[in-house]
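Following are the structures in question.
In the two complexes below, chain A is the common chain; its partner is chain B in one and chain C in the other.
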Partner chain A sequence: MNTLRIRDLTLGFKGWSGTVEVLHGISLHIGRGERVALVGESGSGKSVTARIVLGLLQSLRSTRLSGLVEFEGRDLSKLSERERHALRGTKMSMIFQDPTSSLNPVYPILTQFHEVLRRADPAINLTGARARAEKALADVSITDPSRALDSYPFQLSGGMNQRVMIAMALANDPSLLIADEPGTALDVTVQAQTLRLMREQVERHGTSVLFISHNLGVVREFADRVYVIYKGRIAEQGPTAALFEDPRHPYTRALLDAVPRITGDGIPEIEDASDAYFAPTEVHEGYGEPEGAA
Partner chain B sequence: MPPVLRLLAKRLGTSLIVLIGVSLLIFAIARVIPGDPARIALGPNATAEAIAALRERLHLDDPFVLQYGYFLADLARGDLGISLYTNRPVTRDIADYLPATLELVIVSGIMMVALGLPLGVLSARYRGSWIDHVVRMVTLLGVSAPSFVWAVILMLVFAFYLPLFPIAGRISDSYTISSVTGFLLVDTLIAGDVKAFGNAAWHIVLPAFALALSGIAQAARLTRSNMVETYERPYIEMAKSYGFPEKRIAWRYAFKPSLIPSMTIIGLDFAAMLGNAFLVEAVFAWPGLSRYGVAVILRKDLNAIVGTVLIISAMFLIVNVIVDLLIAFINPRIRYSQRAS
Partner chain C sequence: MTHPLLSLRAVSKTFHSGGREVKAVDNVSFDVAEGECLAVVGESGSGKSTIANMILGIYPQTLGEIAFKGAALPGRRDLAHRRAIQLVQQNPLSSLNPRRTIGASLRLALDVHGIGEKAGRAERTGQLLEEVGLPADFRTRPPAALSGGQRQRVAIARALACQSELVVLDEPTSALDVLVQARVLKLLADLRKSRGLTYLFITHDLSVVRNIADRVAVFEKGRLVEIGPTASVFEAPTHAYTRRLISAVPVVTVAEAALRQRLTEDADAHA
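Let's turn to the complex of A and B:
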């Protein structure tokens, strides 16, 4: 069973001047323990996809949703708001772009860690939370976990906060981790370090990952498989190596051409060169999407 | 020393310096105002000898620096001199009039926080709904007129045309309450007289509300905009994506951080009430420090002027120190930055 399966997902936002379509029927899946990247330029619909999976957009009055989102075989649209809420922070968790501003500035790390642990274990007390948090922080190579727990986010470096975020994200052993451009706010070496750490940790926990990124170099190192998203459509998908070696879709090609050596740190805005950009999904052999997706 | 105590010591130190500066300034200004205080005090029929004697007693013929030296020496002993207007120690006068003003300001401050913050929170929570629109309309009205204008309007409407509230004073004449703290709301309770307490509360509602109105409006608007801004912060999204309970997010993730910028302004507004209270007191014939202050300024009662201004400044500074401490209590960044400095 796949951890996540999305089929023909469309999303629109209703506004003053009618509905703005943001996703035009995307399909993707993430197998158990698989690390899948979603790559595309700014505004292509990566973050909204993540937020739908977390069930955060469903309750918004302005959203128009259709299609299937299945988490561990359960159709999210058939779950109640309450049941979707129960999945967040327990079965799914999330890592953000800027670790320091993603932590509450007026509480020490321990308080926030306690809050996270309480999602899975409502009865856990502060002492219990401390013990578990210390272990989790030690796992992400924080040398003095106890001290880090008593610190406020502003007292720790960006890299430290990112480790804390990784530890929090995995603390309840979720089956899906969504990382939305993790650590892009950090400097490059720290980002690389923390990404390596994140990779180690998800491998150890066997966590499936939806990895959203701007950085093709990072994607190449981190992901097993890549989906390229263009203006709310999946342009192409395939195993990382195959896709990088032999991009089939014109948009993917433009993307790879535009970033020399593919170690650059951003995806450029690419003009619509032809109608071919909006052509249906190109698929690499062996990864049938939409038909064969297991 | 714990960081908070260090902060307290530092703020008290600066407050003291400011207070000395204020005393020097008002001491000089009071002396620059034209007119001979001794002549005004003794009246038009006083003899030259009597005036000279009083000038002598007040050290008015000494050099300014020496006069200020005498003043500081007296102040150190808690003596602000004799008022020429009441012929009593200035400290006694202030002790008589200050509680009425303080009581008014404190009740206003409580109204400001107890009404302003919840209105702001409500407005932010139901952004774009009719609740939000009503709160924003009303608060816009509140900030658009100074408190003495509200005092006049409220008195006309709710005391004169609709006699729901008394038009003047602190308590009805039929009650005699022995003064312990000078705060009627406290003294009536000490006396165990619930009816008198109700009467005093009934008297204070309108002036306190008039004084508080712009502060309530300001606090509500500020809290709303800070909350709305805070709701856009990444840590709110993080809290939501982890499924923390809604109430907890609203309180611990949105309200508490957004309280930090609000508190500073609320503190300043609160301190400003001490000044605005003068006009509101005048409208409601509230027997507070304003009456005394105006009378002593008109009579060029030097000791009383300096004493009154000094006390008001001291109150202002104390409020500021309290607000600083409260902010430090909420904002760990301030609490911990004390360590480094």
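Let's turn to the complex of A and C:
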């Protein structure tokens, strides 16, 4: 069974001047323990897709949703708001772009870690939380976990906060981790370390990952498979290596060209918008969507 | 002999924080020639933004001299210096006044520095927008109605409005996604050529400056550890820290992966 399966998902936001269509029927799946990247520019619909998976948009009155979102075989639209809430922070968790602003500045790390652990184990006390948190922080190579737990987020560096976020996101052993541009707010060196660490951790926990990014270079060493998304449509999907060796869709090629090269091949000319970007989805052989009844 | 446009001689900056002395910039010397693009690269805490702030006159250096066209820059800058040295910041949303239209923000720069005839300034703002690839009628819009890339173009237009000579670009593309980044870099390269501008390009991501900088200066903990022509810094970096910075860059092509592999092996051989 796939951890996540999305089929023909459409999304629109209803406003004063009619409905704005954001997703035009996207399909994707993530197998158990698989790391899948969703790559596209700002406004492509990658972050709203993550919010739908988390169940955050379903209850919004202005959203128009259709299609199937299935998490571990359960249709999310058939769950109540309460049941969806129960999944967040336990079976699925999320890592955000800027770690320092997604941690609460007025509580020490321990308090926030305790809150996370209580989502899965309401009876856990502060002493128990401390023991588990220390182990989790040691796993993400924080050398003095006890001191980190007593610190406030602003006393730690961006890289440390990012590691705390990773440890928290994996603390309840979720089956799905959603990582929305993790580390883009940090130095490239720290970002590279963070990605290596995240990869190690999800491999150990066997966690499935939906990795969201605008930079194809960043996903190359992290993801097993890639979906490229453009204006709410999937442009290309396939295994990571094949996508880099043989990018078929004009938009994928533009995204690849845009990544600055350390070998220096001049500044690329990239078309702002092109009809070619709307070409039908390119599916690499054997990497289509699984069939089957909803 | 002609003077370099900008020259730093033995410049240091010490901050006092909680009774401790922090040497943010430590005995740094370098020149920027007229028409050149010099990249200043380093991680957070390397002193790169402190250097920019001293050049802009936001605060004075503790020691050393900063000279512009051969004359030492005073701690308090006069209008002419402020006109000649301009800044483009990382986040255009916070560097443009949200309550002002784009046109009014550009107009302010023209008014402060008394550029051109008063009557022609409104029209000039439109031309400035067109020079950075935006429609002239964006004048009437507030910053909130523009995308990140468009806002960064406005910030660039404003830096150009007063016929600046040196533009300090402080992470001008790191808040943008890669496609927009590529287009803004292209614009910066074109403007430099057509207007004969000089750039000081500050970034933590070495790959961004590979195609735009003539030379690269690498900073670590306030010290200048390596400076040289861009190609040689990337292909044969002499300092381990530079190798580490290059190796951290995400790569997409086989040639890049090979270069990174070679640098990693060099690093191991030196260790």
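Here is the rule we use: the second predicted complex is superposed on the first by the 271 of 294 C-alpha atoms of A that agree within 3 Å, B and C clash if a C-alpha of one lies under 4 Å from a C-alpha of the other, contacts with A are read in each partner's own complex, and residues count from 1 in each chain.
Note that a residue touches a chain if its C-beta (ideal position, glycine included) is under 8 Å from a C-beta of that chain, and two chains touch if they have at least 3 such contacts.
All of these numbers come straight from a predicted model, not from anything done at the bench.
After overlaying the two complexes on the shared chain, residue contacts for A:T10 are found with neither chain B nor chain C. Applying the stated contact rule after C-alpha superposition, one finds that A:Q58 touches neither chain B nor chain C. By the touch criterion defined above, A:G158 reaches chain C but does not reach chain B. Once chain A of one complex is fitted onto chain A of the other, the partner contacts of A:S77 are absent, as it touches neither chain B nor chain C. Once chain A of one complex is fitted onto chain A of the other, the partner contacts of A:L216 are limited to chain C, with no touch recorded for chain B.
Annotation: chain A has no residue touching chain B in one complex and chain C in the other.
Those residues of chain C lying in contact with chain A across their complex are 43-44, 147-148, 177-183, 185-186, 189, 204-208, 210-212, 230-231, 234, 244-253, 255-256, 259-260. The part of chain A that touches chain C in the complex is made up of residues 41-43, 158, 187-192, 214-218, 220-221, 244, 254-270, 272.
Across the complex, chain B meets chain A through its residues 233-235, 237-244, 248, 252-253, 256-257, 260, 330-333, 336.
Listed in rising order, the residues of chain A touching chain B in the complex are 51, 54, 56, 85-90, 93-94, 96-98, 101-108, 115-116, 119, 152, 154-155, 168, 178.
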